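Take this structure first; my questions come after.
Lettered A, B, C and D in written order, each chain numbered from 1.
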Amino acid sequence: MVDERARLEVTMLGECRIESPLSELLRRRRTTRHYVDETDRVLLDDTVALVTARGVPVHELPGFEPGGPRAKIFFDPSKTRVGIVTCGGLCPGLNDVIRALVLELTHHYGVRRIFGFRNGYQGLTARYGRPVVDLTPENVAGINEYGGTILGTSRGNQDPNEIVDCLEQLSVNILFVIGGDGSMRGALKIAEVVAERGRRIAVVGVPKTIDNDIPYIERSFGFQTAFAKATEAIRAAHVEATAFPNGIGLVQLMGRHSGFIACYAALANNDADYVLIPEVPFALDGPGGFLEHLRSRVVERGHAMVVVAEGAGQEYLSARGTDASGNLRLEDFGRYLRHRIADHFAARGVEANLKYIDPSYTIRSVPANPYDSVYCIRLAHAAVHAAMAGRTEMVVGRWRGRFVHVPIALAISSRNLVDPDGDLWLSVLEATGQPPVFA
Amino acid sequence: MVDERARLEVTMLGECRIESPLSELLRRRRTTRHYVDETDRVLLDDTVALVTARGVPVHELPGFEPGGPRAKIFFDPSKTRVGIVTCGGLCPGLNDVIRALVLELTHHYGVRRIFGFRNGYQGLTARYGRPVVDLTPENVAGINEYGGTILGTSRGNQDPNEIVDCLEQLSVNILFVIGGDGSMRGALKIAEVVAERGRRIAVVGVPKTIDNDIPYIERSFGFQTAFAKATEAIRAAHVEATAFPNGIGLVQLMGRHSGFIACYAALANNDADYVLIPEVPFALDGPGGFLEHLRSRVVERGHAMVVVAEGAGQEYLSARGTDASGNLRLEDFGRYLRHRIADHFAARGVEANLKYIDPSYTIRSVPANPYDSVYCIRLAHAAVHAAMAGRTEMVVGRWRGRFVHVPIALAISSRNLVDPDGDLWLSVLEATGQPPVFA
Amino acid sequence: MVDERARLEVTMLGECRIESPLSELLRRRRTTRHYVDETDRVLLDDTVALVTARGVPVHELPGFEPGGPRAKIFFDPSKTRVGIVTCGGLCPGLNDVIRALVLELTHHYGVRRIFGFRNGYQGLTARYGRPVVDLTPENVAGINEYGGTILGTSRGNQDPNEIVDCLEQLSVNILFVIGGDGSMRGALKIAEVVAERGRRIAVVGVPKTIDNDIPYIERSFGFQTAFAKATEAIRAAHVEATAFPNGIGLVQLMGRHSGFIACYAALANNDADYVLIPEVPFALDGPGGFLEHLRSRVVERGHAMVVVAEGAGQEYLSARGTDASGNLRLEDFGRYLRHRIADHFAARGVEANLKYIDPSYTIRSVPANPYDSVYCIRLAHAAVHAAMAGRTEMVVGRWRGRFVHVPIALAISSRNLVDPDGDLWLSVLEATGQPPVFA
Amino acid sequence: MVDERARLEVTMLGECRIESPLSELLRRRRTTRHYVDETDRVLLDDTVALVTARGVPVHELPGFEPGGPRAKIFFDPSKTRVGIVTCGGLCPGLNDVIRALVLELTHHYGVRRIFGFRNGYQGLTARYGRPVVDLTPENVAGINEYGGTILGTSRGNQDPNEIVDCLEQLSVNILFVIGGDGSMRGALKIAEVVAERGRRIAVVGVPKTIDNDIPYIERSFGFQTAFAKATEAIRAAHVEATAFPNGIGLVQLMGRHSGFIACYAALANNDADYVLIPEVPFALDGPGGFLEHLRSRVVERGHAMVVVAEGAGQEYLSARGTDASGNLRLEDFGRYLRHRIADHFAARGVEANLKYIDPSYTIRSVPANPYDSVYCIRLAHAAVHAAMAGRTEMVVGRWRGRFVHVPIALAISSRNLVDPDGDLWLSVLEATGQPPVFA
């Protein structure tokens, strides 16, 4: 239990001594209750305690530090310089987060200098020669109406020493990293170099995962937009499948490790007859396998609709990958399955009109829907409050209905997965009518 | 504390002795973990305990019964007859809930007879002569793609004795009521008559409130669809306001007691300069009042955008209502403000091109968006599990990330309100730039 | 016949002597066929000739000058200064037209100075003090994604002498007026003052009418976007009407003189039971009147859906207007009908749940849909080609599948109306099932 | 000229002697003007006559028979049996056409028996054993809200003798074929067999081509919906292209022979830098070729967006096809280009982040937009009027603003193509800024 609590402690750059400029706003509202009570905690998990450790007092349970504004802050806004970088694949809401960070820093803390680094960590690495952009309320106006990221992005991490050199050269005090788990590993290394050099540079992450697989963040930004958009691809494949004799719709959705998008999209429009996700193993071959079940259904009903998460069935690909070039490519399962279905039907002399859709780019590049827009703004506000209060090596999360501070190390130590025994997967089984196991 | 816990106890019709038909599904998945552990609880609130009662053991804190399937159930599915009724105003997702109730009851419990009552409680009251509809998987297919409710609806409660007469006559064992707080008061009375008569009829509610103002349900179904749609009206008014000289956009959104739709819609598209909600009082007149602030802004910037919740500023209407006919109509604030603005500008000789939009019907009548569709399905599944397990006088809720059982009496005892000291309202103040108080 | 042909002649400022800069583009395509043949004409109407004047040779029939680029142009692009103004109510596509004018003038003719006048003709009238905006490819980028007009607008004409003063002061050679028939009357007066003063200033209009009532332009820009958006209001009212007992949906759509939006919107979603338009008179009262027919239908079927164009039934309003204040307000028919329906049902003791929607602002303020975007671009290109070739006192039109030049005087001399004997209205009668006459 | 006119004559089954049931409707409107005057014609082309044959009287010019209701009809509605079949690939609006045919036949002519044949011509061929569906107003209600076709479809023609056997067996008098040019060739053969056997079965087509390449039909149904949807794919690829270093977006759109979708989609959202279509040849290689131009642009600006019609650059594929298997597959150009771009950049050591999208299924499977819905209804009405009046071997078209009757032989004798010298392609060149020739 002690270990657990240590893992939840957020690193601080130092003591908060400066009165927050928000005080003026709050004073005029004649309240100080907007401020977060420093003794407040959001319990990590009460279920375990309820069931297994019934005598434990509440305040001894592990809990997160809640997000929100503090009465005293660490950085003097007038002297603070901030950097923002977006890393990795696109996700709806990136521009919403950038915009909300800039507006909150400018209007409510009075920060005057915000740098945008171009094309991910490349923009913080001198040899790429990417220009640094000044971010102001004027040049972020309206960017939330566009998908993608105005800062551009790139994949992969860069040398953390070069990055900290860049931050020092520009006298940056706070670096906001908007990125996925790989980028957060990079951010952790940057924070470590900062600590080694004894600098006071806060590194705060806004976790981005269109797959919704980052732990301690109930729903990652862009996820709702993504699965809503994904339903359109399922609908298109379903319309095709039902129009042609023995039509089969096959849609591959994002989700390397978790099948949330596949599950939610399948539930939302209810056209799917099968959902295959990484968390639930399945047999393709044999009399109880997926292919034979699919064939029976198509012969009986004339059509079928299959939704797969890209990370499903990796055991089939690794075998296949070894045969070919040893270069396992996770995103191949949809295509692999497409060929297996075609071969299976052909070998049994059954006509199949298979239509395959991989809508990846058309999902991740759209603007955030209104819910995600609001969520991005609130996440960004929580990130700004945390950074100004001197927190570092952390990401903002949302846990049990509240915004919280999660140490980066904890956020990247595990994944949020669809629970094969939970109510979400049960609802998928019920909605699709697919057998609980293919074996 | 004892009182509090009592209030969270859900009433049961009797002991659960019948093995759930879901067992077969789960057995084939070689798991029983889908079932809810009867000792599990979802804490009502750990914040209070953390801050004020630090020594309290977790299991002594008040907590809700979690939703989900039980291994033993109360009703024998093959003999169970179910009724469904939708009451009150329209809300996105009504058809999704109806459809999911029918599919879950039929496919996963094997219930064979489900009645749909037409036009709210009128359909359960003999003298209205509304025909009763048989609900089957066939006739609910695809209804989720349409707004409204296939059962129709009506406002107001009916005599609970007549309703229970109707239920007895049709041998109904479970009544699902999808409706707002008024309808839930009606449902409570029905349950009381059932209890008086010693009948074993479960009355389970799926709480409906487009305003998101029902407590213990983190986000009511249809709310996200509603505020997303509301952003379109704000955008339209904003485009009009910025096109004409001294343009003022005024949009009245739903929210008789709570300003959630106004807050979320305003945050999402960020066109609003002012948001007025019931939870935060404001002065209209005087040098620090809203009207004078609005006039200054329009003169300086050439336009302004105002979003009001219909329940805002009731103190102005009650005064006005007394003058006129004594007939206080809550929905009048938008129109009242429209006239006050026009008069204020006219009195000061300032041109104003005011465009007023009240998009109420065009918001509440749309189909649920994908998120709300999924949410409706899961709420309905929780409601079915609860009813089949013999729970009554309760509604399904969602609390701290889990589905829970909430006694009706508790659900109607208070309202979910925007906290004027919370981070949502703070974000609205920051996003609009409006002054924290008009006084 | 002679008169008719004279009316179709477009006024020219002078002889075209300058080689078009487009020649270079076309030379590289090794073609000159992009250029319009000066002897080409688009027949005004062949039906009359076919049926009534069978011996007339084709080239003697009245025909429009086709739009498109000319090999020789009138204005020297490097010295040309252009003004753009948007007038009257909003319409989807205004920004598309502005943007396409600017891009075509800049990139393909090499014009270097384009002024945007703010808030309609007010922006060309010194005493309003509206700043003049420089329009460049940079500041019109992306404006087509927003509804409204970046130049702002206003209603009403201004003194043409003051306007020509302004044009002379800024040395403007071409004025593009994007506006409705009132604005085109203003444009005609401006062109007359220009002619009186012997100036070489081309006045070219891009006709705007969300109602689709300008003649010689098959479909006005924004019309398709508008009626598509209008179907949403009809759907909303229909959902409401079918949900409540004796529900009546009443939607008032734009159309002061013509019912095109009402007809197309009603056909498109097919929820309407009645469509009332200005072109087809109807009786409200009496046993064969609309109100009694509506009552019968509601009593029989439980609901009804009514779509009215705002200009319908003006005879009822003029009578009513005379009683009240003599101030005939065209837009009142929807509200008038709402009260008449309510009174009619009340007088007969029949319950009615009437839901009234007037979606005007939410229709006209949206961005153009893809079809209208393309159409706006092509209209703007035709307008630029015409103006650069020295045409004046004309608007661009589209007639029998080709872009044409229409003299302003002709364009404002009549209206495009729904033909009560044509196939559009016949289709509406068939789709709604309403009686062919209410009398 | 004589030949031309003969080609425009529509074949008739016999003399029209029966009074149209529409007469009653029209009598009540006190008009007969809804009926089409039998001497009316819609000129095929006045341009030629104007420019080259100036002395020709109008009535000697070739012209189409106009569509619309006739006062006298050929088939007795009470005894008429109708069949409907949908063939070939999906296209938005198929269900709208089916529904409008059924409603018009039923409500306005009083036809009582309408058969739906399943899966294209397979449904008319006994050995496939497809069940025949009864089509009634009840079972076509609301089908227009779904994409695809409720009748299903299939590719390829079947033996016309077997088909006519089927029609005779069911005593079908009218067959409506909704399909593309291949299906219309099949329809022509069916009509020929009907004529050989001396049967009075009308064969009337509603031409379907998502590519808009059928002549004498100004805009094919579904085309507007399709290109509007296509703009989303271009936007997605553009967002991706601008986010990553040296990003290249490549979108392949439908259009085997004509580039209309590519041109309109590119104009509508204006993200494209290059549009390649079948009608305009281009060099890929060499210093003036497309690949080198693309490389320069990417190096200079950091990104580029390419839109190709699937039928573009076939000369490259035929060469390639010969190398591989001799099996020329038209749809490969997008993929071919993708590899050529990747190779070209790799060979020159230039990084390229290429994102390829082929949105085909997600475009053709969506429901018709409101414009196409209305257009489908009106096309279907024209088809019903034509068939009831005994026309056969024809399709309905739209020419110069009016519905017309086009002999099938004429409709399949040529294609509607983008004119490389016309204003549409000129607008594309201007909007993209691409060079007029790659050579």
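Note that a contact is a pair of C-beta atoms (placed from the backbone, for glycine too) under 8 Å apart; a residue touches a chain by one contact, two chains touch by 3 or more.
All values reported here derive from a predicted model rather than from experimental measurement.
Ranked by how far their CA centres sit from the centre of chain B, the chains are topped by D. We define each chain's centre as the mean of its Cα atoms; on that basis chain C and chain D are separated by 29 Å. Averaged Cα coordinates give chain B a centre that lies 43 Å from the centre of chain C. The distance from the centre of chain B to the centre of chain D, with each centre set as the mean of the Cα atoms, comes to 47 Å.
Not a single residue position of chain B touches two or more of the other chains. Taken as a graph of touching chains, this assembly is arranged as a ring, one closed cycle with exactly two partners per chain. Contact annotation for chain pairs lists A-B, A-D, B-C, C-D, with touch applied as defined. Chain B makes touch with chain A in their complex at residues 25-26, 28-31, 33-34, 37, 39-43, 46-47, 49-51, 53-59, 61, 63, 67-69, 103-104, 107-108, 144, 218, 224, 227-228, 231, 264-265, 267-270, 369-371, 373-374, 377-378, 381-382, 400-401, 403, 420-424, 426-427, 429-431, 433, 435-437.
Contacts from chain D toward chain A in the complex involve residues 90, 119, 122, 146-149, 152-154, 232-233, 235-237, 239-240, 242-245, 355, 357, 359, 361-362, 365-366.
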